[in-house]
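Below: a set of structures, written as structure tokens.
In what follows, chain A forms one complex with chain B and a second complex with chain C.
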Partner chain A sequence: MQVTINISLKEGVLDPEGRAVETSLQSLGFHEARDVRIGKQITLSIEAEDAARAQQRAARMCESLLTNTVIEDYIIEVVEDE
Partner chain B sequence: MQVTINISLKEGVLDPEGRAVETSLQSLGFHEARDVRIGKQITLSIEAEDAARAQQRAARMCESLLTNTVIEDYIIEVVEDE
Partner chain C sequence: MVALERITGRRPALIWHKETSIDPIDMIILPGGFSFGDYLRCGALAARSPAIEAVIDHASRGGAVLGVCNGFQILLETGLLPGTLVRNAGLKFVCRETSLAVQKTTASLFTDGLQDGQELTIPIAHNEGNYFAPEDQLAMLEDNGQIALRYTKGRHPGPANPNGAAHDIAGIISENGRVMGMMPHPERAIGDGHHSADGRIFLQAALEGVAK
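So, the complex of A and B:
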């Protein structure tokens, strides 16, 4: 199964990288850009019998390695192979 | 408008960070994980009259600052405010 994991900083957690990008965008003339936040998108394939199992394993991976659950949220999307 | 930009390495471009994560997952017992690729997800709000204009401005931002178009692809999603 193809799995996509979107990892973002929790609301309220400062995002200095996002702030730096926002400042750069402004100075390039993109004054309409606001609230820039930068997260990660991890894609991987997981061998599993069904989507529920892949989802469960991906959550385990997030909890044990991929995310820092103190400051980050994650969303898992599973696409079943044809 | 709320805009999400997903940036990923082009196919064929080596992803050492993804490789490192894959090795770590394997050594933690996640032997079903394969083809780990790590990209960025940028969220921002763009003031614009309509979604088409927000999309166009976001593409400009990608081309001039946010992505390295030699090695990266990007996908822009615009969500219209209610």
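So, the complex of A and C:
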């Protein structure tokens, strides 16, 4: 199974990096750019009997190491191997 | 280690990160620096290294633990202390002296030997020292008297709060007062060629506190 985990900062958590990038976009003339937030993506493959099980294991990984749940949210996507 | 040896005249025991048990010991200090490249998040990988299980056991038996800088980040990642440390608000690595005000806390070996409001000048050197916790958790830290050190306007010309930390937090203690984490480096302010000797005051108070 191919697993993609998208990690983003929770709402209300200040993202100084996102803010700096937004300022830079504005100065390039992208005045429509708003609310820039920077997250991260982790991809991995998991051996599991089905997608539900892979999803469950990935969630455990997020809770125990991959994310800091004080400030981060995560979304897991599982794609079965072809 | 050098700082502790200079203060106590004795060499502290070194615990290797792969050790899984720790002999009874007065205080465990997690020093600053960097660990595992600080990949993923600062202190995240170090907080899952084998020796940390033993540190958690030591703390759960009421043992004293002090985390400095990266050591503070590690303590937060283990959950021994609440909250987290995020990127400095100014997006820059900050390396300079800071003025700290000792706070009146719940009984603690780290603060009992210091005065409420006592000012200490101790340097910081970090990129992720901006303390963050949800509002309700910050209120709990305030109510429980768990905030031990706050950045304050002192001799230094720069802003009092160097990194945007919530409630000007520079250091916190656990509810039982036995675990402390702090961003400033007391071991870099022990006199002997350092700009300040206030870190020695802090460490000495902690060492006396733990010996009681």
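The working rule: the second predicted complex is superposed on the first by the 82 of 82 C-alpha atoms of A that agree within 3 Å, B and C clash if a C-alpha of one lies under 4 Å from a C-alpha of the other, contacts with A are read in each partner's own complex, and residues count from 1 in each chain.
Convention: contacts are C-beta pairs under 8 Å (C-beta built on N, C-alpha and C of every residue); 3 or more make two chains touch, one makes a residue touch a chain.
Fair warning: this is a prediction, and the values are worked out from it, not measured in the lab.
A.B. asks: For A:Leu66, select first, second, both or neither according to whether it touches chain B, chain C, the two together, or no partner.
C.D. replies: both
A.B. asks: Look at A:Ala48 in the shared chain and tell me whether it touches chain B only, chain C only, both, or neither; answer first, second, both or neither.
C.D. replies: first
A.B. asks: Compare chain B and chain C by how many residues of chain A each one touches, and report the one with more.
C.D. replies: The partner making contact with more of chain A's residues is B.
A.B. asks: Looking at A:Glu32 after the superposition, I want to know if it touches chain B, chain C, both of them or none. Which is it: first, second, both, neither?
C.D. replies: The first partner, chain B, only.
A.B. asks: Have a look at where A:Val13 lands relative to chain B and chain C in the superposition and call it first, second, both or neither.
C.D. replies: So A:Val13 only meets chain C here.
A.B. asks: Share the list of chain A residues that count as touching for chain B in one structure and for chain C in the other.
C.D. replies: 65-66
A.B. asks: Can you list the residues on chain A that touch chain C in the complex?
C.D. replies: Going through chain A, the ones touching chain C are 13-14, 16-17, 20, 65-66, 68, 70-71.
A.B. asks: Would you pull the chain C residues touching chain A in the complex into a rising list?
C.D. replies: Chain C residues touching chain A: 40-41, 44, 48, 77, 83-84, 86-91, 132-134, 164.
A.B. asks: Inside the complex, what are the residues of chain B that reach chain A?
C.D. replies: Touching chain A: residues 6-8, 18, 21-22, 24-25, 28, 30, 32-48, 57, 60-61, 64-66 of chain B.
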